[in-house]
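Common to both upcoming complexes is subunit A, partnered first by subunit B, then by subunit C.
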Partner chain A sequence: MTITVKFFASLREQLEKSEVKLDSVNALTVAQVWTQACDEVPLPSHVLMAVNMAYVDQHTVVQDGDEVAFFPPVTGG
Partner chain B sequence: MPVIVTPDPFNPWQALADHEQQLNQQGHYGAVASFVGTMRNHNEGVGVQSMWLEHYPSMTEHYLAQLAQRAQQQWSLLEVLIIHRVGQIELGQSIVLTAAWSAHRAEALAACQFLIEDLKFNAPFWKRETLQDGQQRWVEKNTSGVCVPSTTEG
Partner chain C sequence: MFNPNTLSPAKTLTLPIDAATTLATARVLIIGVGGLGCAVAHDLALAGVGCLVLVDFDTVDLSNLQRQLLHDVSQIGQPKVLSAQRALQQLAPTVNILPIAQHLTEKELLEEVAAADVVLDCSDNFATRFMLNAACVQQRTPLISGASIEFGGQVASFALNTADAPCYHCLYPDEAEEAATTCTQNGVLAPLVGIIGSLQATEAVKVLLNIGTPLYARLLLFDALTARWRVVNLVKDPACPVCQHTGTNSPF
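Moving on, here comes the complex of A and B:
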């Protein structure tokens, strides 16, 4: 399966990447997506995550074609 | 329940007036509550000259549309309007407008506060400030909107 992984704001700058495509033959949780996309960098506790533009937690299992996003606490308004 | 995310400067008062005219419900509502957030020249004790507002395209609009729906489910509202800027924002420009129309003030006031507080803590926007000395920094978190009145004596 193929997963699109996106990073936003300060997290994108720290990781120096905005989007990654992941190919995997195994089912992956969001935490495992992070680990594979970020070369084993530990998942920071404050990072928020979404699958297909809905908030999820790190234990959520992703499906083929999903878009997974990681970003810092939001500061709009 | 319009939700607008725009890179263009907007006048919140004109937007409210225009929306009321489009709504064409005069006489059906007795209360309009609105909040306008504006770009200011300081934050956390430091002078700020401008700001860049990043967002997650599509998720932002999707989240705000759901937020407007949740407000309409919680309170008896005739209408909800949310406008939010993205991109380069200069001092004094409006950043956000939340507004709610209802028959009575309690619903409109509660819904308006709900809209802006939830938006600030959940809608995927991020502010990067350019400080007076030219340095740039990401705003790390939003402050609570809960306010305790100060005591006035004498």
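Moving on, here comes the complex of A and C:
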């Protein structure tokens, strides 16, 4: 299956990539999608995750063709 | 000559009289009077909201001035809420500003949230955001949350006066303290706080007037560097320790 992975805002700047295509024969959770797309960098805390623009947690299993998006936490006022 | 000072709020927005009256009799709680809070208070005062309660224990610092539009050099060292009150009364003399220049205890916060028609979270840390969300869930007061750092901003509204609405804790379930990224240390693009604050103020007016479709159960994300907006749909977390007992199926 093929997953489109997108990184937004400061995550895009830090990782120096905005989009990755992942091919996998195994079922993946969102957390595993992060790890594979980010060369084993651990998933930071508070990162927001969405599959097809719906909010999910890191344990959600993704499907073929899904778009997985990661957004940095923002708390500044 | 066009003189904005001669225009009443009702004229500037061409609101029906009852809508202007609704705003004039509304009481809004604003937590944090930094970049976001200044923009929110500015916009709501000019929109004709009658009473703004401003809460911030901090004082004005020179480094604040490039993004906190109600403060100026003459107010350095003064409590932010008093500096903001002074500026707002020049802009909108009829608005009633209630400044609170201290941390609120949990009991005091609950009282202020209960007295407010809508609450705006303009704070700069998770601890305050979680405490405020819990108070809004408990008092069933709508919450409009905004945040910005560097080149990114987020806005979401929470219909905590209704059953089955997600809360801020459903969005950020991890109670761990965030890595220390603050506007003071990391910086924030100055106009970005105005964009996010004005969005929050727009949401507050919609919620107060019960018009349009607020950002309920939606998170709006703005990336200033790419000028792209994204909307993520939120759902209530059935295991959320803060709001799980507020749904239609739970005894309340």
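Rule of thumb we're sticking to: the second predicted complex is superposed on the first by the 73 of 77 C-alpha atoms of A that agree within 3 Å, B and C clash if a C-alpha of one lies under 4 Å from a C-alpha of the other, contacts with A are read in each partner's own complex, and residues count from 1 in each chain.
Heads up, the rule we're going with is that a residue touches a chain if its C-beta (ideal position, glycine included) is under 8 Å from a C-beta of that chain, and two chains touch if they have at least 3 such contacts.
From a predicted model like this one, the values you see are computed outputs, not experimental measurements.
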Partner touching more residues of subunit A, whether subunit B or subunit C: C
Subunit B versus subunit C as contact partner of A:45, first or second or both or neither: second
First, second, both or neither for A:57, with subunit B first and subunit C second: second
Intersection of the subunit A residues that touch subunit B with those that touch subunit C: 8-10, 50, 53, 55, 69, 71-77
Interfacial residue positions of subunit A with respect to subunit C in the complex: 8-10, 12-13, 44-46, 48, 50, 53-55, 57, 69, 71-77
Complex contacts: residues of subunit A adjacent to subunit B: 6, 8-10, 50, 53, 55, 69, 71-77
For the subunit C and subunit A complex, residues of the former touching the latter: 32, 34-37, 122-126, 129, 146-154, 171-174, 176, 178-179, 181-183, 186, 188, 219, 221, 223, 225, 230-235
Contact set on subunit B toward subunit A in their complex: 37, 53-56, 58-59, 62-63, 84, 95-96, 116, 119-128, 138-142
